[in-house]
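Both complexes below contain subunit A, partnered by subunit B and then by subunit C.
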Partner chain A sequence: MSNQLEPIKDPGLPAHVHRRADLDEKYAKRAETQVAILFLLSALGTVLLIVSYVFIPQDIFVFIPVMGEQNVHQLLLGLGMAIALFFIGAGLIHWAKNLMPDEEVIAQRHEFRSNDEDRAEFVKTVKAGASTAGLGRRPLIKRTMGLALGLSGITPILLLRDLGPLPGDELTKTSWKTGTYLVTDPGDRRIKASDLEVGAVAQVLPELAEGKDHHSLNDIAKDALLLIRLRPEEFNLDAERLSWTHEGIIAFSKICSHMGCAVALYEQTTKHLLCPCHQSTFDVTRAAKVIFGPAARPLPQLAITVDEEGYLIAQAPFNEPVGPSFWERSS
Partner chain B sequence: MDMNKERNTVKRLSRLRRHRAAGPVLLVFALFTIGTTFQVASAVNTTTQTTADRSAAIEEGRQLFLKGCSSCHGINAEGGVVAPSLIGVGAASVDFQVGTGRMPMADMSQQAMRKTPVYTPAQVNALALYVASLAPGPEIPGDELLNYERDGSIAEGGELFRTNCAMCHNFAAQGGALTKGKYAPTLMGVQPVHIYEAMITGPQAMPVFSDKTITPEEKASIIAWIKSVEAEPQLGGAALGRVGPVTEGLLAWTLGIGLLIGAAVWLAMKAR
Partner chain C sequence: MTARERVAGNVAGFVDDRTGAAKYLKKSLSKVFPDHWSFLLGEICLYSFIILLASGTFLTFWFDPSMREVVYDGAYVPLQGVEMSAAYASALDISFEVRGGLLMRQIHHWAALIFMVGIVVHLLRVYFTGAFRKPREFNWVIGVGLLTLGIVEGFLGYSLPDDLLSGTGIRIAEAIIQALPVVGSYLSYFAFGGAFPGIAFIPRIYTVHVLLLPGIFLALITVHLMLVWYQKHTQFPGPGRTEKNVVGYPLMPVYMAKAGGFFFIVFGVTAFLGAVASINPIWLYGPYTPGQISAGSQPDWYMGWLDGLVRMAPPLESYIFGYTISWNILIPGLILPGIMFTLLALYPFIESWATGDKREHHLLDRPRNAPNRTALGAMALTFTLVSLINGGNDIIATTFDLTINQMMWFARIGVIVLPPIAFVVTKRICLSLQRADRELVLHGRETGRLVRLPHGEFVEVHEPISAEKAWTLTSHEQLAPLELPEFDQAGVRRPAAIRNKIRNRISRAHAVAVPKATETERKELEGHH
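Up next, the complex of A and B:
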């Protein structure tokens, strides 16, 4: 009995501490003036905005430290709006904190259920309304309305169709075919092997098919190549991959195997290709092997050779899908 | 005594100054000075015209090379452990590397950076001639290739830049990071001749952009586009270095959220 603890009493709310403005009219008056000044500042901000919008020409520039040459018109528009909005907020906060009543008030929750009288009244009103509208007497209206409402509910489900159709072989095929000429991007000029010096790169697209006058973005997103020329002895490739190059010229898909960004940051000194999005780094001398970053697969290499005039052509289409992984990808 | 003497000298000088002939004599002297200065200055362009002058410049270049470059690049520009061979790099390479102050390197860091050139234009020219005399290589582009205002199309230049240059040098030519501390420098304030030389020689980590894949006219267009970006005023307020979401994000996260936190703290503080 003696070691039983006393239950802790509910301490209740702490005693309310009055603010100085509650006790002394002088402080209240001062707070009122302060709030008024804040609101006036906001009004000045709006005036500044209007003046700079109407009267300040758009071609005046002024030097501001750190920010550099700035357009006066834009600068004052922004400043005016910032001042106008900020000081409305500041005035409201200052007013609420210092002058509005701050005594704690306890409001008890009431029961959610309405009293029986109100409930009976509601049922009576609905029934009277329904019989006045004549729903029971005119079943045609009731049924067609049901049909209309029901069908309109299907619309959102119908829109799900836009998630399809399935891409088919779109993701696995590019415009590169055996014998497709490599052309410059932009410019669409055929490229001779002798056009590239050692250390040179070129951005490449396939030559446009007969009847097409431009590369569609969908095509560019799959077809873009980077052509790089190294000294042939710098390659560290197996015999098959070496046969895909031509006199030190090697062609890789520019679409990163991680997320599909354009990989074209080529460092001539290290022979590394870098993806600007997530810093995946590929070693050009080892068939674009991933040496850093999140990419899981090397960039696909296009087998190239030259035609009898010395122009670069594709030996064969890509032997694997270009770009990032997708569900149905086989490897 | 001394003071008196001094005062007399000053008096004599001021008498000379007020002499009737003083004006005309000064005028002749000024014209003579300007004339000879102009002759000496404009002579720089004509030094390489004759063969004799050319070999003299090559010899001067060789002397400069032996003094300033050979400790790393070798007595015969054959290269060494820390520096590449310069045989066959061409005059354009030398003009770019030395003319932009990248060479001589200040320190052995990842990359030589642009700085105030150590050599005068005439000395750079002599060095370029010397290195070009070792083996043929890309030549310094002449004025006929650099008339970008006449030959270049800004729109075409923008398209070429976005495909060929923007991945390293940023979409507004402000430069960007590469691997292991290397970087692609900003192109703002670079002379057209140096932009051209960089494209044909591929300095440091940059690859070469041959004249066949990007023609000289297209190169002029790229220069025209870069110059138009350089001249573009900041119409939309502070550009924050024109590097996109990095600085914008930094500012929003520090200044913007900082302000919001300040306001939240103020809101929660009890008034007294």
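Up next, the complex of A and C:
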């Protein structure tokens, strides 16, 4: 429809409007001075940088509103550098905008497509090349070369094999064994039920095995445990799970069953545990059942009891792997 | 000839005798680039990359990428005597003992954030103006590649200091690897050299962060720029501008000065931010240990939308024949981003397939003149923004006194409901803007001057707009929709019937437009007055 109507015409590139600096030497001179001032400001910035680097000690702090406590050395060094760089740029651009030619010019584009002859030539060259190499006529060469190239691709994969050991059953095991003492973190002291008041929460670790002097991060990543003490009547557990608690003290893996963050936020009034990474929320009274968020499984519960002296120990190892899911996990 | 000219001539002659560069350079120095503020966005990325290379190199001279345990005895008193990795300790040393070290760390981090913002905004500019169309599809795909690598590179970079926050990020990355069906736990053990966190990961990602990825970046950016150079820059429509020409300023001297100047300005602003705006104060977080965490753990912004998706995922896991598939991780962490980036990379081809437009385009679209594309973009942006907001749901909830549950449900519903709404609203707005353009061309600008006619009627005086403006508002093409046949002459459905039907439908949606004003209509209206 619209192609029968006469379209609005292109008036062409508008006539060039000269700047004041193009017409009047006085303005040009002024622009020149302005550019020079900008470059000099930059030079001052570098001077500030050098002076701060050499003369200002690193341990002076000053309070600046909004920014708070600031290290004078780092602040002046940075400001000097910022001034030095920024004003080089400002000078260059001011120069370009006011004194360099500002007349728009037109350049023509060229077509990218090669013309048909060139394309045909190209195809012929490729075909000729391929036929002199005899690729089509010598299938034996083609197939064996394919085999050789394909097989050589295995090399990097094979050589990367030693990046790490195979997981084996490591993901399913922790340091918690039957009878392992629960100890404070930090401090490594054994804990009695009476150490924990009702409503309290504590992070604990398994007691170090003989010969080990500290908890490795690899162990903490699987062993970290949360102890929470409620009034026993507050629990809403089946008989088995209730028998895993001791005098209202319940123990969960601190490693989130979603993506392995430390589930560290405990809300006393609601008795919910919240993972700060993705907000999975677990109900402590119901064996850490997921009540909100992306986690699909409760936090694994560790069965605990006390030894004859009243120190808290593990009744048994975890009955399921702790931490995030993985393919070989069975439930 | 002055002495100086003679020396310069000799040097140039020496080089040209051996390279023949004069022939090429004489053309290149007068190469024309069109001017528009939005064309600076890509430059910002390039300059931030250079800043990243420079500041990053500085940091490597002191950073010790090792997870060997040391006891800190440096200048920062609160952490003295604390066990930590050598990586974290050396990052503290850079911050407190190397003069200018903290400045460089902050410049490096700020430059990374600016790099990523630059890439995203540059991508939006290219998308909404249709600059990705033929012949620039390769450059679009390379750009999407750079965006993807940028996200990975940024993540690896802020993971290096091995502080409590970044270690938590690595823990999440490990969970994503581990969630892969069949090979997950093996890949995780290979990546970490054993169980998490092990002692191998930081040195490994260090090599990837400072060598492998920067090398790939350098190669891709080079090709990206060479293509821009060779294909010449696109330009906005305007008087005197056509598909066959490029209107602008020559490289020498104007663009050299402007682009060179702009580099220093970007560097200057980044240095200013590094000087006054504290970022990633790792000494406040403490060293990483898997048993601890700080509330409000947030990734950098370009990872935030991914984290937001993970947060809003429903708690779904399947247990089949004794094996576990974690949909709650796979869908938001791998499948959705995979689909999104694939669609993004393929968009130029999808659009050209649907509209049947296989021609070269060097004139940009004003976003309103491509309502469907603009609306699709708004839809994708809305999806990402809702995810990004959910990535900070804990911070938002505490700041605005909401509950996490409200935030999460807003995101879960919003991420599905809001994008289609954004599509419809944006398309309507585009069409209204087209109508406004048409009015403007036909009836001129409203002057706000009211005149009373002899018979008592009040009218507002309209002033005709300039010929240049009228051309700019009407120079775009309005393509008719495709009409691919679904039936052959005998009335039998063709084999490609379904495909053709889909293409027809998309192309019809794409061709919806307010007819642009024409000279004929203008003249008719003049006759009436």
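Here is the rule we use: the second predicted complex is superposed on the first by the 224 of 331 C-alpha atoms of A that agree within 3 Å, B and C clash if a C-alpha of one lies under 4 Å from a C-alpha of the other, contacts with A are read in each partner's own complex, and residues count from 1 in each chain.
To be clear about the criterion, contacts are C-beta pairs under 8 Å (C-beta built on N, C-alpha and C of every residue); 3 or more make two chains touch, one makes a residue touch a chain.
These numbers were taken from a predicted model, which means no experiment stands behind them.
In the superposition on chain A, A:295 contacts subunit C only, with no contact to subunit B. In the overlay built on the shared chain, the residue A:192 is in contact with subunit B alone; subunit C does not reach it.
By the touch criterion defined above, A:202 lies against subunit B but remains apart from subunit C after alignment on the C-alpha atoms of chain A. For subunit A, the partner with contacts to more residues, out of subunit B and subunit C, is C.
In the superposition on chain A, A:85 makes contact with subunit C only, not with subunit B.
Contacts of A:255 after superposition: subunit C is touched, whereas subunit B is not reached. Of the two partner chains, neither subunit B nor subunit C is touched by A:320. Once the two complexes are overlaid on the shared chain, A:100 sits against subunit C while remaining clear of subunit B.
Judged by the touch definition given at the top, the superposed model places A:276 against both subunit B and subunit C. Contacts of A:32 after superposition on the shared chain: neither subunit B nor subunit C is touched. Touching of subunit A by both subunit B and subunit C, each in its own complex, is seen for residues 58, 67, 70-71, 74-75, 78, 89, 93, 97, 102, 185, 203, 262, 264-265, 274, 276, 279, 281, 292.
Touching subunit A in their complex are the following residues of subunit C: 31-32, 35, 83, 96-97, 99-100, 102-103, 106-107, 135, 168, 171-172, 174-176, 178-186, 188-198, 200, 231-232, 239-240, 242-250, 253-254, 257-258, 260-269, 271-272, 274-276, 278, 288-297, 307, 310-317, 319, 322-326, 328-329, 332, 360, 362, 393-394, 404-405, 408, 441, 467-468, 470-471, 474-475, 478, 515-522. Chain contact summary for the complex, subunit B toward subunit A: residues 156, 159-160, 163-164, 167-168, 176, 178-179, 182, 184, 202, 204-210, 212-215, 218, 233-239, 263, 266-267, 269, 271-272. Listing the residues of subunit A that touch subunit C in their complex gives 1-2, 5-14, 53, 58, 67, 70-71, 73-75, 77-79, 81-93, 95-97, 100-102, 104-109, 111-112, 160-161, 163-167, 170-171, 185, 203, 205, 214, 217-218, 220-222, 224, 254-255, 258-262, 264-265, 274, 276-281, 290, 292-297, 323-331.
Interface of subunit A with subunit B (complex): residues 19-21, 58, 61, 67-71, 74-75, 78, 89, 93, 97-98, 102, 184-187, 189, 191-192, 194-203, 228, 262, 264-270, 272, 274, 276, 279, 281, 292.
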